[in-house]
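So, here's a batch of structures to check.
Look at the two complexes coming up: subunit A is in both, with subunit B in one and subunit C in the other.
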Partner chain A sequence: MAESLALYVRLVSARVRSQWQYRASFALDILGVFLVTFLDFLAILVIFHNVPQLGGWTVEEVALLYGISGVAFSLTQLAVGQLDLLHQLIRDGNFDLVLIRPRGSLFQVIASDFRPRQVGRVLQAATVLVYALVSVDVAWTAGRVAMVVVAVVGGAAIFAAVWVAAICIVFWTVEGRESVSSVTDAGSFLSQYPIDVYAAWLQRLVTVLVPVAFVAYFPASYILDKPDPLGAPSWVSFASPAVALVAALVAGYVWRFAVRHYRSAGG
Partner chain B sequence: MRLDWELAVRGYRRYAAYPAATWAGILTNSVFGFIQAYVLLAMYDGRDDIGGYDAADALTYVWLAQAMLAAVNVFGWSDFAERIRRGDVATDLIRPVHPLRAGLAFDYGRALYHIIFRGLPPMVVGAIVFDLTAPGNPLVWAVFFVSIALAVSVSFAFHFLYNLSAFWLLDYRGVMRIAIAVLAFFSGLYIPVRFFPDWLQTLAYLTPFPSMIQIPIDVFVGYTTGVELVVALATQVGWAALLFTACYAAFLRGTRKLVVQGG
Partner chain C sequence: MAQIELEAVEKTFVVRRKRGRVRRERTVVRAVDGISFEIEAGSVAGYIGPNGAGKSTTVKMLTGILVPSSGRISVVGLEPSRQRLQLARRIGVMFGQRMQLWWDLPLIDSFQLLRHIYKVPGDHYRRNLERFRELLDLDGFLQTPVRQLSLGQRIRGELTAAMLHDPEIVLLDEPTIGLDVVAKERVREFLTEVNSERGVTVLLTTHDLDDIERLCSRLLVIDHGRLIYDGDLETLKQRYGGERVLVVDLEEPRESLQVDGAHVIRVEGSRQWLAFRRDETSAARLTAAVTAAAPVRDLELHEPDIEDVVRKIYAEGASEPTAGD
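Right, the complex of A and B next:
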């Protein structure tokens, strides 16, 4: 484990060093991503240009959801975004090489590349998060401050687990790749809004099956002292690390199951 | 004309060959449709008009946008930029058809496949779950389909244009990312352009992007009527003409500069 981590750090820093050779391009890339992702948040501001609140939440409160979910999701993209290329590995038969090397297959896929420009997305979401934290009307306690940290870390772990479990579909159908974003990108998009706005079936779905409600919604409800529409007890807000752990175990199981199903492209 | 037809047929078949990809796309479009529909519906809590749309118009907007997304190719492509980068564009230059024309014919075949198989299913899902509106007048349906066809042209020419940046840039992907993010926002994919504050709407209508999603949908939900329909189509034709001219000029300049490593 510690050995793998050290290896990961070496691979990532090599990648960063290589990008750093083209400093101007590297900086512009990060700046571009930083600016462009604000268009995402602008859509939320447009909503609040028309209405004072959405599902009982104000713009600052929705910004808190956006900030937590955005930082968590962009950290996930930074860490495991390489999974997007898994279908290419499988299609070209190169997953064979992954299987004969003496490291975990998931680790190798994740460590195969690193896209530092995604740092721009982390910075953008963090900017919105800071704006939300200073502008929401909250009496800050140790519990609430801790919750912000717990939400971001737990949220990133939940997104990563969902991503790993979902991407496994490409072991069966390489073409099915686009369906992955129906839980990853859609999960991130969905968690930017209070789940009060969704129909009951969708609320249950994102609480139980694809647990993205634990990324931002439950933690933000605790921070803002909001009642829960599903009538969940208040300790649920603290459940995100436990949910992340369970999700990670399930994702690990799905991955191992899927890898056993891998059939090489042959040739 | 025969050649354009044959290319279009190839474009259709190229996408018809991967049904699993179509199913995956339908699933994703429908999931986003549900999320956006509920978010916009929450905006109508306690009011019944936003930017000239009632709740049924807004819901129709969401599902129609998801249904058109694949046909209008909102998220773009880099096939031609890759051909330039790899030097395959040299082959295109010795062909008797301009790549712009061949690409457009192929893209219309693709768009037809996508409008049927990626467009109809999410629309049906949306119509089953939500109260949507549809035009009663057959003429409006006709204008709507013409408007979608024009949207495909505008979109193709816009995507082709940033693909051409590969003639000058070693890494065209940065330009592409920015182009697509700006397109997605100003086309009204995330939120109807009608909901924008006035100054932002003015800015949006100075770009070709509303021609890709907002304009066809306005025709469908009955926001655009009478002589405005002509204005709407003329706007799309104007943007298509402008973008194709820009593509043609840029391609000409690019090929003068092009160096292909041969052997």
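Right, the complex of A and C next:
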């Protein structure tokens, strides 16, 4: 494990060294993403400009949702965003090279690239999260503080699992990355709002099938002491790591299944 | 026990073709159609056949990249598709048309990264790198980013990359493709060297007939997914139109000569071409017979070359796999 982590750092820094040759664009990219993603949060502020509350949540409370989900999602993008390029590896047959090396194939794809621009997204989400943590009206207990950490880490793992499972479609279709992005982006988007405002079927979708409600909604409900519209017991809020684990196992299985159906190219 | 074993291996692909606007036709393509062979440790075998014959597909199954549709494969006692990670440590793979080096980094950085990916012990790494620097003359461009290397230099880098972890077998898919004569020769020398020095088993696919003549003690010829020949080069030459040709310049034009053990395949003025098989008559006996039959001005003997032989096999698409000796 420690050895794999060391290798990960080695591979990623090799990537960064290649990109560092273009260092001006490196910094501009980070700044650009940082600024542009605030537009995203602006949309939420616009809604609150017209209504005082959304499903019983105030603007600071929704900012907490947005912050947790945003930090989790941007960390996921930073860590596994390279999966976006999987279809290229498959189309060109270069996934062959991943399979001739004595390391996990998913590990190698993830470590094959690094997008520093995503750092800008992490910074933006973290800014919103800090603002929310400071401004929400909450009596901070050890449990609530722990929940913030659990939510971010577990949430990132859930997003990553959804992403891995969804991207496997390109092993069959090669193209189709767009539809995968819409699954992950929609997942991220849906986790930014209190699920109280969704129709019942959508509430079930985000809690069971694509469990993004566990990223921010349940943890934030716990922190803010909100009742759950689905009537789930309060310990559900702490289930995020367990959900993440199950999602990761399912994603791992889907990945292995997909790799066995890899068809290579040419020859 | 053989180091590489294939038993009735098949690989089928489902291909969907567009027919009309919406309809799609589904066809099953048998890329590899029941191949069996064994390769002993320490040998150099050439896997040859026309484009689309199933060569690369076989190599990809041997490395665990592709999962066979049926049949059994064993490489160093492992099942490639199920024990891919263990196998990867023990074999080296080089695809002439794929690049495993890091494009933007100096060549030496790729070796360093591979060293960690394969967990090569420090002393092994240093010893191997030193040997390959010498064998492949890498010193001039170790610090050069891979994207600035010539194809020949890059291939030398790729060969090193495939061998750094002391593999027992090296699988090469068209290692000399696109190289100039000098660079090809260097690749061949390198493979000969690692085979004799380290006892590494070499299996290569190639279209290059010089590769075959120079390197391969054993040939496996594949066509339409089936093995059509398995044996050494000499036997192959003999069996398939391994006919030698005696070109005879006669004093004057005349009709086709009638000689035992040979037949005339071409007549051009006073010149005649007589084809004969090594096992039926010898060049000396044929020459004697010809000079006895007609006055001869000059003689020339053509040995069959591998190109003709392979072309003939392809053309015939020989039906039954033949056991080599």
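Throughout what follows, the second predicted complex is superposed on the first by the 255 of 267 C-alpha atoms of A that agree within 3 Å, B and C clash if a C-alpha of one lies under 4 Å from a C-alpha of the other, contacts with A are read in each partner's own complex, and residues count from 1 in each chain.
What we mean here is this: a contact is a pair of C-beta atoms (placed from the backbone, for glycine too) under 8 Å apart; a residue touches a chain by one contact, two chains touch by 3 or more.
Bear in mind the structure is a predicted one, so any value in this text is a computation, not a measurement.
Check the residue A:Arg177 against both partner chains and state whether it touches subunit B (first), subunit C (second), both, or neither.
A:Arg177 contacts subunit B only, not subunit C.
Figure out whether A:Ala146 sits in contact with subunit B (first) or subunit C (second), or with both, or with neither.
Neither partner.
Classify the contacts of A:Ala186 with the two partner chains as first (subunit B alone), second (subunit C alone), both, or neither.
A:Ala186 sits against subunit B, while subunit C stays out of touch.
Have a look at where A:Val9 lands relative to subunit B and subunit C in the superposition and call it first, second, both or neither.
neither
First (subunit B), second (subunit C), both or neither: which does A:Val197 touch?
A:Val197 contacts subunit B only, not subunit C.
Touching A:Tyr262 in the superposition: subunit B (first), subunit C (second), both, neither?
A:Tyr262: touches subunit C, not subunit B.
Looking at subunit A, does subunit B or subunit C touch a larger number of its residues?
Here the partner covering more residues of subunit A is B.
Across the complex, what residues on subunit B touch subunit A?
Subunit B reaches subunit A through residues 18, 20-21, 23-25, 27-28, 30-32, 34-35, 38-39, 41-43, 45, 47, 50-51, 171, 174, 177-178, 181-182, 184-185, 190-191, 195-197, 200.
For a test of understanding, state which residues of subunit A touch subunit C in their complex under the given definition.
3, 6-7, 10-11, 14, 17-18, 21, 93-94, 96-97, 99-104, 260-264, 266-267
Using the touch rule from the top, collect the residues of subunit A that touch subunit B in their complex.
25, 28-29, 32-33, 36-37, 39-40, 42-43, 46-47, 49-51, 54-55, 173, 175-179, 181-183, 186, 189-190, 193, 196-199, 202
Give the list of subunit C residues in touch with subunit A in this complex.
Spelled out, the residues of subunit C in touch with subunit A are 13, 55-57, 60, 63-67, 81, 84-86, 88-89, 91, 93, 95, 97-100, 102-105, 109, 113, 116-119, 173.
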